[in-house]
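Below is the structure I would like to discuss, written out as C-alpha cells.
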Amino acid sequence: MHREPEPTPTEPAKAADDPPLKADNGYTLGPVQAGPACCDPQPLIQVENFSLRYGLKTALANVTLDIYRGCITALIGPSGCGKTSFLSSINRLTDLIPGCGITGRICIDGGDIHDPARDVQALRRQIGMVFQKPTPFPLSIYRNIELPLHEHGVKRRADTVAIIEQVLRDVGLWEEVHDRLHSSALSLSGGQQQRLCIARALALNPRILLMDEPCSALDPIASGIVEDLISRLRGRYTIVIVTHNLAQARRIANYAAFFWVRGHAGSLVEFGHCRQIFESPAHELTAAYVNGARG
Amino acid sequence: MRIFSTKKYALFIAALLLVNGWAQPGNAAPEKLVLTGASTIAPLAAEIARRFEAQHPGTRIDVQTGGSSRGINDTRNGTAGIGMVSRALKPAEQDLQAHTIALDGVGLILNASNPISGLSRQQVIDIYTGKIINWKTLGGRDAPITAINKAEGRSTLELFLGYLKLKNSDIRPHVIIGDNAQGIKTVAGNPNAIGYVSIGAAEYEARHGTPIKLLPLDGVAATVVNVRNGTFPLSRPLNLVTRAAPQGLARDFIAFARSEQVHDLVEAQYFVPVGFR
Amino acid sequence: MIWSRHNILSPSVSVDTLTLWLLRGAAGAAMGVVLLILLFLAIESWPALRHISIERFLTDPSWNPGENLYNLAPMLSGTLYAAAGALLLATPLGIASALFIAYYASPHAASIYRRLVELLAGIPSVVYGFWGLTTLVPLINQLHPPGASLLAGILVLTLMILPTIALTAYAALLAVPGEYMLGATALGLSRWGTIRGVALPAAKTGIAAGVILAAGRAIGETMALLMVTGNVVQNASSLFEPIRTLAANIALEMPYAMNDHRAALFVSGLALMLLVMLLWSIAARLARNGNG
Amino acid sequence: MAEMVSMKSMRTPRDCFAKLAIYCAALLVCAAFAWILSDIARGGMAHLSLDFVIGSPRDAGRAGGIGSILVSTALVLAIALMAALPLGWTTAALLAEYVSAGSRFGGAVRYSLQVLAAVPSIVFGLFGNAFFSIYLGLGFSILSGGLTLACMLLPILVSTAESGLRAIPDAHRLSAAALGMSRTSTLFRLLLPIAAPSLAAGLLLGIGRAIAETAALLFTSGYVDRTPGSLLDSGRTLAVHIFDLSMNVPGGDAAAYASALVLIAALLLINMVAMRLATDWQRRKIMAENSNGYSNIDAPRA
C-alpha cells in the first residue's frame, strides 16, 4: 500500500486491481510494514512549557510532553481541563479563536509550529483532525473528500477518484457507499459519518491525526467500529486522541496523558505509558481519577 | 470567485446586450433628443416626435411629462434638450428661448351627468374658495361639490389663478391632481366634481367618449374656435423652450413642430396651430 | 506515487489577504451609499435651509411654495394620522392572524393562510393604490364625498402593513419555547389563558419590533397613498377629508419643483428619512433587548 | 405550533370569545385579500391576451400592450441586480465571516445598512434623481433607475445572505480549517454553496421589491413608454405603467388591471423559477465539480 513512509509505495491503481488485503470485516488496511515500534519511541511532537489563554483566562498552563511517532497517545481527564484546547493547539486551530494567546513552544520534527514563516495551511494538511460530533460538510460523500484534495492541488479527476476510493477503503466505508458517492453525506449514519470524516482527514496524507472524543457521539456499535479503525491506524499515523472513555483509552492507547484543573487552569499531571498510568499511576490525582472511574 | 460564477455573469451581460441589440436592430447610436415638461403639450409632442422619427431615420425623441416648471428646470440643467412650457415665459425665465407651436385654452370641466350648464366667474371663485359647497346652491342636484385643484407648479394652475385673481392659498380644494389627464379622469369618475384642464385635452377626451363636459367661461364657449379667434378669456401659448438658439436635431425638430406638416396633429389634439390666428 | 506527483501548492496567504481587502472594499462601498444619500439630501436641502429658518417649516401659514410659504406641519400630521390609523387597525388584525397561524388553525389551514399573507406582502404598493383608487374611493365617495380621503389611505395602508405585522408576530410566537406552552397547559390554563399569560408576554418584544417596522413602512409609503388620499394639504378634521402625506408631497411636486421649492422637498425627504431611522433604531433596540 | 403543542381547550366563555375573534380576524383578512385579488383578476382577465403582453402601448396605454414596458422592467431589474448582487453578497460575506462582533468597521457597515433599509423609497427617488440623473449626468435612464434600485436592494441582499452564512454551524468552518483550507476557498467552495438557499431567498425578495417599486423610479428611469434603445434611454417599468394608467389615463383602468395581473403573475413566476434554480444549483454544488464520468471507475467494482 502506498501510505507507509518507506520509499516503496504501490500505485493505487494497482492496489485497486489487486485483491485487497482482506482484514476481518472489510478493512483493507495492510499490516504495518514499517514505522517505529512503540517500544522504541521517537518524539514527533515536542511540547515545551506550553500555555494557552483565552483573553485573560488561562486555559492551559505549562504543559511539557513528547508525543511519539506512530503511537496513539490518549489525553484523559475531566471536562474543562484543557484537553481539547491542547489538541487544537497542535494544528493551530486555536488561531481562529479571537483573543487566544500562547506561550511556550510546540515543535513538530523540531520545527516550531508558531514560527511566523510557517505556512499554517500546509501545517494543517499534515495534521488531520476529527471532531467529537461527526462534521461532514452538507455536500455529497465524494465532494466531501474532493474539496480538501482540490484545495491542496490534487486537481486531476483520475487521481481524485483513486484517492477517494483508497481512503474510503481504508476506513472500511467503500463497500457501504461506493454506489452512492454522490448522495449527501448527511444521509449516512453517525458512525459512517465519523468514518467519512476520518477518511477525509486521511485523504490529505497527514502524518498526525488529532481526534477529539471521536466515539463519544456514537452508539456503542458504531463506536466499536470506529475504535477498531483507530487502532488499525496505529503505526501509520501518529495519533493523539482525547477520550473520556477510560476503557477505550486502555484498549487503544500506547501512551496516556492525564490533565487536571489546578487553580482555574488545566495542566498536565502525569504522562507515561498507558499501562503505567492505569496500573501504577505515580500521582495520587491520577490514581483517584483512574480508580474512581473504574470503580 | 467560482461561486459568483464568472461564466454566468458573462452570460447575464451577454443576454442584456442581446436584448439591447434586439431592441434597436442594427442601429448603433441613434441621435437622441429628450423633451420634458408640460403634460398639456406632451401628447402632441409625442405625436410630432413619432412623425419626425419616421421621416428622419436614426433619430430618437423621448417625451416625458412633469409640468412646465420641470420643462424649464430640465432645460436649464441640461437634462432635457427641449422643454415644453404651456404658458408664456415669465420675466425671470428670459434666459431661455421660447418657440410657440400651438395655442390652447384652459376650461372648466364637469362630469357629463352634472345638470349645471354654466357658471359665472364669481360662482367659480366661490366654489374654489369654499363659499359654495353644494351644487344645490347653484341650481344643481343636492350633492356636495368636489373641487379639483392642480398641484403647485403647474402652468394651468397659474393661469387659472391669474384669471380668478386668487392666490393658491385661498383655494379650498378637495382633491389635488397633477396631470390634465388625471383631472379629467377624476371628473369622469366623480359626478359631483369640478376641475379645470387644457381645452385641447378635455375636448380630445370628450370626443373619445369620456363622460365630461366643458363649461363656457364668461359666456364664451370653451371651444377651439373661440381660442383661435381670441375671444376665449383663458388662453395660452404652448411653447418649446431651449437654453440657447437651438442647434442640430433640436433646431430641426422645432422647425418641424412649427411647420404645416404637423397641423393635422395639432388639430387632432384640439389645439390651435400657430399661423392661423 | 500520487503524492509526489502532485505538486501540492502551499495555499497562499496572499489570496486570503486579497479576498479580505476585496470584501472590505465592497462593504466600504455599501457604507458609502448611505453617506452619499445623506450627502446629496443635505446638499440639495441646503438652499432651503439657508433661506428658510427651520421653524418656518412648522409655523408658516400654509404650504404654498409659489407664494414662498413652506409649512410642512399639515403634511406631517397627515402622515402621522394615516400611519397611526393603519397601525390601529393592522396591529390587532396582524397579531390575530399570527395567533391563528400559530395556535388555532390546523397545520394545513395555517400553511395556506401563511402563504396567503406572504403573497400579500409581495403585492406592489402601486397595485394596492390602484385597487384603492378604483374600488375603495368610489365606495367611500358614496358614503361621504369626495371619497379620496384619510379613511381610504388608512384602509389601503392597513392592508399593506398587515402582512409585515402578521409575519413578524408569527416569527416571535414561533420563538416562544414549546415547554412554556406545555407547562402552562399542564397547569390547567385554557388555550386563551395560555396565549395571554405565556405566549404573548414572551413574544412581546418581537411583536413590538414588528409593529414599529410596520410603522416605518407606513410613514415612508408613497404611491398607494398618493393615489387614494386626495392630496389636499390640510389638517384633516374627519376621516372623510383628504390629506397629503410627506412622501406623497415629494412624489407629486418633485417633477416641477424648482429652486427653494425643490430644496424644501429635499428637506421633507430628509425629515422623512430621519423619522423612519428613529423608528428603526427603536425597533432594533427592542429586538436586541428581546434576544439578550 | 399547533402541531407542536396540542392544547386541549377548556371551554370558558372568554376562551370561546377569543377563538371567535381570532377566526373572525383571519376570515376578514382572507376576505379583504380575496376581494383585491378577485377584483384584479376579473378586471385583468378580460383585457389580457398574448398581444397585450408582447404588443407596444398605443394611445397612452389604453390600446396596445405592454411589450416595451416589460423590456424596460427587465432591463432596470437586470442593472439593479448586476450592481447590487456582487456588492451585497461580498459585504454579507465580510460581515458574517471576517468581522468579529466588536469590530468598529463591521459595526459601521452594519449600522449603515440598517439606515439604508430604513430609507423610504421616495427618498431613494430623490437621491437617485439628484445623484445619478443630474450629478452623474445619466439623465432619465434605465441606468439611473437600475442603480437607484440597486442601492435599495443592498440591505435586503446583505441581511439575507448574512443570516444564511451565520446559520452555518462553526463546525464546518473548523473542519475546513483543520483540513488546511484557506478562508477564501472555505468561503467560496463550502460556505456560499451551503448558504445558497438563503442567497436565493434574498435574491427573490430583492427581485420582488425591485419589480414592485414605483416611487424610486419616477424621477430616475422616467416614464417614456417605448422600448429603450440603450441603457441611457428612459424606460417605463410595469409598476410605473400601472401608476400612470390608473392616475393619468382616462379609460386606462382595463389596461391597468391587466398590467397589474401581469405584474403579480410575474412575481409569482419569478418566485417559482428562482426557487427551482436555487435547488438545482445547490444540488449541483453538493455533487462533485467534475462528477460526470465517475462511473468508469465505478464499473469494474460493481
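Brief remarks on what is shown
Going by the order they are written in, the chains are A, B, C and D; count residues from 1 in each one.
Assume a residue touches a chain if its C-beta (ideal position, glycine included) is under 8 Å from a C-beta of that chain, and two chains touch if they have at least 3 such contacts.
Computed from a predicted structure; not experimentally measured.
A simple rule picks the central chain: find each chain's mean C-alpha point, then take the one closest to the mean of all protein C-alpha atoms, which gives D. Relative to subunit D, the most remote chain by averaged C-alpha coordinates is A.
With A-D and B-C as the two chain pairs, more C-beta contacts join A-D. For this pair, subunit A with subunit D, the centres built from the Cα atoms lie 46 Å apart.
With centres taken as mean Cα positions, subunit C sits 34 Å from subunit B. Centre to centre, using the average C-alpha position, subunit A and subunit B are separated by 80 Å.
Here the spacing of subunit C and subunit D, counted between their Cα centres, is 17 Å.
For subunit C, the set of residues that touch two or more other chains comprises 11, 13, 255.
Residue positions of subunit D touching 2 or more other chains, listed in rising order: 86, 180-182, 185, 189, 193, 247, 285.
Touching of two or more other chains is recorded for residues 120-122, 125, 151-152, 162 of subunit A. Residues of subunit D that touch subunit C in their complex: 1-5, 7-12, 14-15, 18-19, 21-23, 25-26, 28-30, 32-33, 35-36, 39-40, 43, 86-88, 90-91, 93-95, 98, 105-106, 108-109, 112-127, 129-131, 135, 151, 154, 158, 180-185, 187, 208, 211-215, 218-219, 239-240, 242-243, 246-247, 253, 256-257, 260, 263-264, 267-268, 271.
Listed in rising order, the residues of subunit B touching subunit C in the complex are 65-70, 72-73, 143-144, 146, 149, 151-154, 158, 167-169, 173-178, 189-190, 192-193. Residues of subunit D that touch subunit B in their complex: 60, 71, 74-75, 78, 82, 86, 89, 133-134, 137, 139-140, 188-189, 192-193, 222-224, 226-234, 247-252, 285.
Of all residues in subunit A, only 16, 91, 93, 96, 98, 120-125, 127-129, 131, 133, 135, 137-140, 142-143, 146-148, 150-152, 157-158, 160-162, 165, 178-179, 181-182, 184, 197, 200-201, 204, 210 touch subunit D in the complex they form.
The touching residues of subunit C, when paired with subunit B in their complex, are 61-67, 69, 138, 141, 145-148, 230-233, 242, 244, 252-253, 255-258, 261-262.
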